[in-house]
Amino acid sequence: MGESDVIGLSRELIALRVARELREGMVVNLGIGLPTLVASFLPPDIQVLFQAENGILGYGGLSETDFDPDLINAGGQPVTLLPGASFFDSAASFAMIRGRHVDVAVLGGLEVSEKGDLANWYLPARGGGSIGGAMDLAVGARRLIVAMSHTAPDGRLRIRTQCEYPLTAPGVVDLIVTDLAVIEVHPNGLFLTEVAPGVPPDLVDARTEPIMQHSPMLKEMAL
Amino acid sequence: MIDKVFPSPDDAIHDVFDGAAIMFGGFVSAGSPSNLILALQQRRTKRIIAIANNIGLGDKLDVLCEQHQIAKVIATFAIRASAKRQSLFEEQYHRGEVELELVPQGTFVERIRAAGAGIGAVLTRTGLGTVVQEGKQVLTVDGVDYLLEKPLRADFAFVKAWKADHLGNLVYRMAGRNFNPVMAMAAEVVIAEAEHVVETGELDPERVGTPAVYVDRVVECKPLQIRWYG
Amino acid sequence: MGESDVIGLSRELIALRVARELREGMVVNLGIGLPTLVASFLPPDIQVLFQAENGILGYGGLSETDFDPDLINAGGQPVTLLPGASFFDSAASFAMIRGRHVDVAVLGGLEVSEKGDLANWYLPARGGGSIGGAMDLAVGARRLIVAMSHTAPDGRLRIRTQCEYPLTAPGVVDLIVTDLAVIEVHPNGLFLTEVAPGVPPDLVDARTEPIMQHSPMLKEMAL
Amino acid sequence: MIDKVFPSPDDAIHDVFDGAAIMFGGFVSAGSPSNLILALQQRRTKRIIAIANNIGLGDKLDVLCEQHQIAKVIATFAIRASAKRQSLFEEQYHRGEVELELVPQGTFVERIRAAGAGIGAVLTRTGLGTVVQEGKQVLTVDGVDYLLEKPLRADFAFVKAWKADHLGNLVYRMAGRNFNPVMAMAAEVVIAEAEHVVETGELDPERVGTPAVYVDRVVECKPLQIRWYG
């Protein structure tokens, strides 16, 4: 395991790879944790509207200066506003999410199944967890990207034939971006399309429980 | 002239009873009725059913656990990913001393809105195929399955506004809206703390976030700072 | 019929009698037509919040001066604003109505049954009608007052054992105020409590299809 | 930079097709997208399913009946109490030339909101025991009966705002809100006419009534006067 532990992308590079999925004019919700970093890696020529489920559309980067308790993202972090931002209450915010007006949600994951089931809220080690907006985002977003490390810190496989942890939602994941690979979820299973620089496809296979098809266009990520 | 202003948080919550179901507006540091919560701590009200988006380390709500004032929490966020620092609520939850009903956030807010808006139930796809579905009716409308989620109401709602007038109109600021407007619709008695109380007629009618009809009592309070450990 | 046609209250006096039902702090919705007049007869020492279902709480009298197309009541008439007014959209407005936050609705009527059924939207002579906000107001208001002429212009009885016209809502009317009388709707039937000045109770009975109980406190209206 | 501004009403509605279901915001004179409606008349679009609170004498919508452009109306207000002056729609309705689905106003707006908010159906007591109930499912929740009313969506929504920015944010004025915010959530393509179009960033984020996500196209128009015969 020694060598292979240092290969693969950093959290920042995972975020950067996810950012490449975003297009001009998209409305994007970033989950707590790793997904939050995606905002920092958006190409400067692309205008994306970030939605925070606590009631902001069009926020910008984290605020480094003063803390305004009323201007925070869904992770409780102070944020800045971009021109054209707006505020609304939580009923309106989840109407936006549930009603399929959010183009892309990027969430963290604990497990993803080959059918696109997502488990990301219940922490067995903690004997509990918090749902927050995850279930609504998973069900409501037009496209769901899961950004996570390919395996758990203890080596446990996270991309599985079936999720073992309680689900966030079944059959919702469209794309998985990990430190090792980019994997599409198709109706007939998983589809390996990219590997991280220096990561051999068979290593990705070895760390993924279900059998994946390899794209004929399988390539190394361009970062 | 109608005047709903009370002199202090304690006066404003004078009739909150043991065992009351209380909604608390706020999302982490934004729009939390912290002064009303501390008044509740002072009153030592017992067996509270707390309906709030989040309870956690740094939340004023967690302070109510100091004297075990909370019997049950209905929330979307209550157990944190990190076990490093636990809230009082988490400790009591893991010891089985408090009950927790975890609700997806969109379902949480829509159930509250349904109670306030006279809607019989909410049909949502959120929670289908998960533990949230347990014990609930699944309804098929035009070939699509939905969970039937029931309205959520309370005896009291504690809300936080930026400004209020004597008539009870509330104006929110930025992301301080969150759950406050819907909670103000869904409780028998609605008590608002506001940073600024102004004369009736001074608020811009275009900016009112909660119309006066929903608010029973108003109290002016300096907002308390909340330190959130995310 | 000659003599009796001139007894009874004018539309304005019906409105005045209805206005006596309103109390300090009530939220009141006035229907189109006769009910609109109620606002003009509110005692000056009583503060009532008038709700217009098109999205205003706290409007005042009709505006006599200039016409602002965005400041109208549910009848399309220009209104003024009182201090403490607010605006909201139609979803919020009917949440307020359906959610039982309106204390009193005053609606016009075509027929009211002894069970409190209301018919006020379908005009048989026109072969159609408009529902507008009437059904939601009838179902949602905490107290429903119907203000109407006791009989139709052609003499047809309007307070009936059963409504013949299509219903607005069944079992919703609490109080009927007409040019002849004030009648309460109780679970066991109608209850005549007041007659208009100079109107004998048996005239009211004769123009009312179901048998009414007469209140032991039956009196002439004080106007 | 995202720019949703179109040069004219006709450009903004260029892809509206025959047989389209179109929502029209507005309540009588307030918040009606009159310029977009007149552009629709110019385009002679046929077999329109019009979803609007009201159609009547003086409404710009009634003008679409001149060339029989409307096949069906879903509305709360369409037939007036007085037979003195009939709208074109009324004449055509009584001759059986147009279809009318009459909906209680609260149900109308909540069905549209449900479509926009991903809610499977609306449970309301409104309409129970009336003709509105015909053909609909009655659902009992905790012993209370409700009508199950289905979401109402459209191909296009024409809305009217006071101000708009290039990004598509809309600010409404007074009772000009009415059905515009919910209709903007419930159609495939949302086209807004605004009295004033300003640069992105010039609108107060606190005053935005429809966030930019919902709006596809914006066109600046002088509002047309509407004379309502009540």
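Every chain is named by a letter (A, B, C and D) in the order it is written, and numbering of its residues begins at 1.
Basically, a residue touches a chain if its C-beta (ideal position, glycine included) is under 8 Å from a C-beta of that chain, and two chains touch if they have at least 3 such contacts.
Keep in mind the model is a prediction, meaning the values are calculated, not measured.
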**Study point:** Neighbouring chains shared between chain A and chain B, ordered by label
**Key:** D
Practice item. Name the chain whose C-alpha centroid is most distant from the C-alpha centroid of chain D. Key: A
Check your understanding: Out of A-D and C-D, which chain pair has the most contact pairs?
Key -> C-D
Exercise for review: Between chain B and chain D, tell me the centre distance in angstrom, where each centre is the average of that chain's C-alpha atoms.
Suggested key: 34
Exercise for review: Go ahead and note the Å separation of the Cα centroids belonging to chain B and chain C.
Suggested key: 37
Revision key, fill the gap. Rounded to the nearest Å, the gap separating the Cα centres of chain C and chain D is 29
**Study point:** Contacts with 2+ other chains: residues of chain B
**Key:** 110, 113, 117-119, 124-125, 173-174, 205-206
Exercise for review: Going through chain A residue by residue, note those that touch at least 2 other chains and give them in order.
Suggested key: 87-88, 94, 97-98, 140
Study note, to complete from the structure: Which chains touch? The pairs are A-B, A-D, B-C, B-D, C-D
Check your understanding: Can you list the chain B residues touching chain A in their complex?
Key -> 27-31, 53, 76-81, 83, 90, 93-94, 100, 102-107, 109-110, 112-113, 124-132, 162, 172-182, 209, 223, 225-226, 228, 230
Study note, to complete from the structure: Listed in rising order, chain C residues that touch chain D in their complex are 32-33, 52-56, 68-72, 74-77, 87-91, 93-94, 97-98, 123, 125-136, 139-140, 166-171
Check your understanding: So in the complex, which bits of chain A are touching chain D?
Key -> 24-25, 27, 47, 49, 51, 57-58, 81, 83-88, 94-102, 140
Revision key, fill the gap. The answer for chain B against chain C in the complex is residues 1-2, 113, 115-119, 165, 167, 169, 185, 200-201, 203, 205-206, 208, 211-214
Exercise for review: Provide the residue numbers of chain D that touch chain B in the complex, in ascending order.
Suggested key: 110, 117-125, 139, 141-142, 144, 146, 148, 150, 173-174, 205-207
